[in-house]
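There are two complexes below, and they share chain A, which is joined by chain B in the first and by chain C in the second.
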Partner chain A sequence: MTTYRIEIDRSLCSGFGSCVEEVPGVFALDGDGLATLLVTGTDDEAVLDAAGSCPMGAITVFEAETGEEAS
Partner chain B sequence: MSGVVIVGAGLAGARCAETLRAGGYDDPVTVVGGERVAPYERPALSKQFLAGEKAGHEILLRPSGWWAEHDIDLRLGEPVERVDLDRKVVEIHGQELPWSNLVIATGARARRLPGVGCEGVHVLRTLGDAVALRSSIRPGTKLVVVGAGFVGAEVASTAAGLGAHVTILEAETAPLARVAGAEVGLTLAERWRKQEVVVRLGIRIQSVAPGRVELEGGDVVPFDALLVAVGAEPASELLGHSGGIPTDACGRTEHPGVFACGDVAVFGGRRVEHWTSASGQAAAVAATILGRPTPYLDAPYFWSDQFGLRLQMVGTTAGWRHLELDGGSDSFRARYVDDDGRTLAVLLANRPREVGAARRELASAA
Partner chain C sequence: MRHDPTFWLLARASGLTAYVMLTLSVLVGLVVKSRPFAALKPAAVTDLHRILAMLGLGALVGHAAALVLDSTVHVSIPGLFVPGLVSYRPVWTSFGVLAAELMVLVYASFSMRKRIGPKNWRRLHWATYAIFGAATVHGIAAGTDTTRPWAFALYVAAVASVAVAATWRFLVPPTRAVARRTAASSGARAARSRGEQPA
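Let's turn to the complex of A and B:
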């Protein structure tokens, strides 16, 4: 069951990689060194920590069911 | 035309590029930055960013798409390896970028302490540094700050606000003694101590090992995180200088078509590491490239927010002989006067309405 939908604002991503450290199964750095999603949705609550840890605030997590921003 | 290449994507580099475009410059403008992040407000690193009040995107100088919209080519995460003044190219990643005008705005880098580099030791200069420092500060964290300058005091203030136990270690017998004088420094230290920060003055560090600082005399101060805040050094080696790049008051170096501005420049005879100077110098460089040379000679100005005080200084205190101090640790004005009774600088604490007068006074004295 997918609980969370994730969006990355790639224009803000600066390649710090903190999201990858938090949830390596969901986030990865691509060839440009920018964050990319390995899945579009997950029920792993750690994605909330990943969003919070992003220095640039480039990651937003939504509740899949309601479409509202999760925090 | 090969255009302008600006090396450095801090405030000076960014402002220079903006001012070129605003002034009608039509040829290519490239800004090359060693950090991966678009130009941002460095002063926020020790304050709102470290406090978690602002995310990285909230301290960007311009929204992320702005640079492309203004036809400014931002090349981030690409430190310049070499400058060839004869062939007028810079080298990045083995690739050559040609220029007709070159602006060196590489800023400064945090000074480190020789032999101090173990786990838990931080400096604060870049957003990456701030990210690392921020993740190490939690309520109850033992933070040691080495150096009671402005960056050290601001970090101490922010960290104390986050619930860390902060100890400041300073080599001099008063904080900011060289810049502001011992009397003012001790007034500030009194305020820091009231807010539960341990301030130890006249301290010599013997060694730093993971989790512990050993002082001369045998005292040991434990830490979870340690910030080395002992100033910055100009990153001027691209042009073969070690103490900053000398320029005239329009930012021109000794090399035709090559300019410098911001923290890296000894601009018109003095090197100043302040926001307003970097901005003003960058605008002067852009104007000169546009064929309208405009010297930048404004009195230095800076501010520092710490422990509920807004400190604002106009002028430079170098060569002061007399200090006139009015007020106490909640609000004061310090006036730095030379032997002839001339005011060299004014430092204000929580007296924002007196800044304008101080500026006018120093401008008329110059």
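Let's turn to the complex of A and C:
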């Protein structure tokens, strides 16, 4: 089991692409130019930076074990 | 006929308004990036950033129109777009033309970011520092209110606040990530020294 579970609120995402720049292995922009997940979970804590870098606050990272929001 | 000062007053007021909106938009943009206030919703801050930039562009259109309609300084329509065509303080009015054109470009790039790619969109945003610099020089050197204490204070406050916010944006965000990484890697080292497998 991975450390972090990631959720993207696609209604908030407006395709700035900052998450893709932070962690290209986890995030990508799809055909609509919106962020999508390449994996649902990861151990890479850079996803926390990706969540922090999103100008729309569309990314939430949870601790997979407890289900609590990671910061 | 007596000289009608209406458009001259409007030109000055709208120029200063555009500058204030630009400054506020830059400050809010820097807040979006460095996230100093946890209570603020990022989406709302981003929206505010765009709205302020849009209001700045609106004031800019007013500034351009008032300058053409006014007869104190003679500004032709081509003079609004081509630097150097305004006979009044040509160098300093050219700074205004360039700042305005770059501002339109950066604003328009938001809707073109799918075509140009997010990376180029972000690169283009660096031009904002040039826009702010050029707008400040233009306001101080071409503006006729600069010698008034309130106007001078406005320029000083704008430059100081943007300088502080920009410095903070470059210094603060990495330290948070670095601190967490350092803590995590020292935790991993401690785990290894206890003979555990890293998570």
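Here is the rule we use: the second predicted complex is superposed on the first by the 70 of 71 C-alpha atoms of A that agree within 3 Å, B and C clash if a C-alpha of one lies under 4 Å from a C-alpha of the other, contacts with A are read in each partner's own complex, and residues count from 1 in each chain.
Methods note: a contact is a pair of C-beta atoms (placed from the backbone, for glycine too) under 8 Å apart; a residue touches a chain by one contact, two chains touch by 3 or more.
Since this is a predicted model, take the numbers as computed values, not measurements.
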Chain B versus chain C as contact partner of A:Ala70, first or second or both or neither: neither
Chain B versus chain C as contact partner of A:Gly33, first or second or both or neither: both
Of chain C and chain B, partner touching more chain A residues: C
Partner chain(s) touched by A:Gly57 [first = chain B, second = chain C, both, neither]: both
First, second, both or neither for A:Leu48, with chain B first and chain C second: second
Contacts of A:Phe16 with chain B and chain C, given as first, second, both or neither: both
Shared chain A surface residues [contacts with chain B and with chain C]: 12, 15-16, 18, 33, 54-58
Chain A residues touching chain B - in the complex, by the definition given at the top: 9, 11-12, 14-16, 18, 33, 53-58
Complex contacts: residues of chain C adjacent to chain A: 32-33, 35, 41-43, 46, 113-114, 117-119, 121-122, 173, 176-177, 180-181, 184, 199
Parts of chain B lying in touch with chain A, wherever the complex brings them together: 35-38, 55-58, 64-65, 76-77, 127-128, 130-131, 135
In the complex with chain C, residue positions of chain A that touch it: 3, 12, 15-18, 20-21, 29, 33, 43, 45, 48-49, 52, 54-58
